[in-house]
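Naming follows writing order (A, B and C), and every chain is counted from residue 1.
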Amino acid sequence: MSNTVLSLRGVTKRFGGLVAVNAMDFDVTEHQVMGLIGPNGSGKSTTLNLISGALKVSGGEISLRGTPITALPAEQINRRGIARTFQLVRLLPSMSVLENVVAGAVFGHKRRWGQDARRHAETLLARVGLEGKGHLRVGQLTYIDTKRVELARVLASDPKLLLLDEWLAGLNPSELQIGITLIKSLRDEGRTIILVEHVMDAIRSLCDTCVVMASGTKIAQGTPQQVLSDPDVIRAYLGDDDV
Amino acid sequence: MTGTDIRNLILSAIALGICALLPLSGSGYWLSIGVTIAMFTVLATSWALFSGPTHYISLATAAFFGVGTYVTGLGFETLPFWSLIGIAGVIGAVLAALVGLATLRLSGVYFVIFTLGLAELVRQVITWFQNKSGQKGLYVLTDISEAGIYWMLLSLATAVFLTGWLIGRSRLGFALRIIGDDETVAVHSGINSALSKVLLFMVPGSVAAMTGAILAPRYVYIEPSLAFAPMLSFQVVIMALLGGAGRLWGPLVGVIPFTLLWESISSNFPQQTTLLLGVAFLIIVYALPRGFVGLLDDLRHRTRARMAEGVA
Amino acid sequence: MDILITGLLLGGTYALIAMGLNLQYGVARIMNLANGEMLVAGGFAAFWMYTAGQISPFLTIFLLAPLTFVLNWLIYRIMLQPLVKRAKSRGQLETDSILATFGLSFVMVGLMLSVFGGDYFNYSYLARPIVIVGDTFALNRVAAFLAAVVICGALYLWLNHSRAGLSIRAIAVAPDSARLVGINVTHLAALAFGLGGAVTAVGGALLSTYLTLDASTGVIFTLKALIIVIMGGVGDVRGTIIAALLLGIVETLVASLLDPGLTLAAAYTLFILILLFRPQGLCGKKPT
């Protein structure tokens, strides 16, 4: 029995005439942290949106633990165990911090309700470093704390796979260290994660494996050291003239 | 159940008991005002159950209400009255589910437009049927008194408040709050947003139809233009928003003053009710975006802040 | 054939009204539910000018257009711009503008009721028969249709060929990018809102030459215009025209074959079909 969590086979997305994602193939195995990297507009976020069901694929198949999830609506995909954060943090403005996390615990993969859900949410808030801040309104939070709340929310349903869409973007250098440490601790717990990321330090220290995309196509795959020294990857990032 | 829950429950029961004594006062005028207030409390509270969290403005109240009056009008001779209320409730819920399935997947504008014309659509169809069968209106002659109607509405109001309280504590209620805040987050948290919205929309649909069924005997003679009067939908929206659709008891705060104002304007200046309606809408948007309840909240926050300052 | 032409004649004026609403919704992003009242007000003006001064409605529109343009421009600047500024999301602006324009529509109905009373009003202008391909039609319907065609055509050319028109279309397609390339979105939104209101009022004046109106019929026209805009696709001039003609024909068909009381029911049936099968509009592309 293989320990593959997620696999993409020939996944393609077209917007009108534009091919945003072209025949993507990759597998994510259990306890693995996979970096999905590439220049702006290379199709990373689109790939994440296809996996999470925010967009419908134009072709190919996505499966979770061997079961196809390609045609499922987003809420079904979440219930089967894929939870995501958003490139621009999305919190629920009318609710408290604690309720924001409870929101992730009630309807998702592992379902909790009532006191059970609240206790679980409190544990997770402590887990991401927000102990004692559950009663605050989300408008009162600092930027990194809003990111922490979102992370706690996606953890709340005990997902089989976490999708973090540029979770470290926009943090200042000291916050970045805190953020990297936090995600490292998730990796140490044995969680399976796909990171869409631009921050190279984070990619080097967090990812077990990387998939590099350029113009919608996978151009390299391997450990961070391998892919970051690959001439194709350097060309994709810097353009032909600089090589 | 916490201590405050029990206290609120007891206070509500006492308030309900006092309201139930109104017909014994013997004043026909106040009883008739009481019926109107009870009717709008039921309609506005159930309206806010759906529109409060989702921000979808439903103008379908008159359509559901009219369907309810027709259920009574067509069935009161053959079936017991209580069963007609039940039938109206079921038909209202089914109609709401159909409307919801067609429109709630789409943006709020489509929903408003659709519900705006729904009463007129049903009215035209019923009028057409009546013209074909050569019938004009329906006589609803029952031995149900004004006090009887009042008590039935009061029971329905109690049921609506209980339903609202239960929904507020349920997964469905929580799901709707999340949808109202950010639908994208909702679906990526495992919520079936279309289904949740349709389910909740069935509540005001069913309640409005039951209200219509209960009130039909009061009209004695019903015809399409009376039963489906679009004004009803707008009054309900205004009262709920004026009170504040964010809280269960919010609409009630809007219903009482607006009903009294409406009664006095329509008896003294009957030509000016439309103008009043317009001005009320503008006041809500520009001065009271969260209703009286929001105003109260702000005041409370301000005094609390001032008290905290005083202490420090 | 008779029905088809009557439907087309009606649809021509509908197209004009819906173009007005489409300018307001597509560009200024305001779902103006007082649109029908602006139409009735235009009709009232034409009625009043004709009965009081024997002035032809086709002359009145030249006075009506600038007046209603200014009026709607002011409505946008004073009432709606504050809502646009305070809105945190598209959804909130939608709700706020729906409530505000509802308020406006009731205030307008209330004012028209107190000025003109609740009676139906109509007048007889150009009520002469004219023969087209063997069938007779009222001359006023034909004249109103021709005027609508001229105005629609002028609007279409202006939107496609003038600088301001192109900017307005750019806002309709992508408001944020339009801002980036130096288009003054606020200014043009007000302009589009004013223009839309003027077009609707002129449409009302044309309609009043052959339809009977009263102070509270506005909402029916709002509904029809909304249905046309949604059928044709928001911001799509060609789609609007096709949808308007289609609605005119379907309504005329239902009115003459079934029952004149079912016209709105017919419009609704079309609307439901569109919602179920092509929510992006007849000519719109599938949203990605």
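Just so it is clear, contacts are C-beta pairs under 8 Å (C-beta built on N, C-alpha and C of every residue); 3 or more make two chains touch, one makes a residue touch a chain.
Fair warning: this is a prediction, and the values are worked out from it, not measured in the lab.
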Message: Need the most distant chain from chain A, centre defined as the mean of C-alpha atoms.
response: C
Field: Closest chain to global C-alpha mean, per-chain Cα centroids
entry: B
Query: In angstrom, rounded to a whole number, how far apart do the mean CA points of chain A and chain C lie?
result: 47
Chain B-chain C separation of Cα centroids, rounded to whole Å: 32
Message: So the centre of each chain is just the mean of its C-alpha atoms; given that, what is the distance between chain A and chain B in Å?
response: 43
- prompt: In their shared complex, at which residues does chain B touch chain A?
  reply: 171, 174-175, 177-178, 180-182, 184-193
Query: Which of the residues in chain C end up touching chain B in this complex?
result: 31, 33, 82-83, 91-92, 94-96, 98-100, 102-111, 113-114, 216, 219-220, 223, 226-227, 230, 258-259, 261-262, 264-265, 268, 271-272, 275-276, 279
Statement: Per the touch rule, the chain A residues reaching chain B in their complex are 52-54, 73-75, 78-79, 83-84, 86, 90-95, 102-104, 106-109, 113, 153, 157
Task: Spell out the part of chain B that touches chain C in their complex, as residue ranges.
output: 55, 57, 102-103, 106-110, 112-114, 116-117, 120-121, 124-125, 127-128, 131, 230, 234, 241, 271-272, 274-282, 284-286, 289
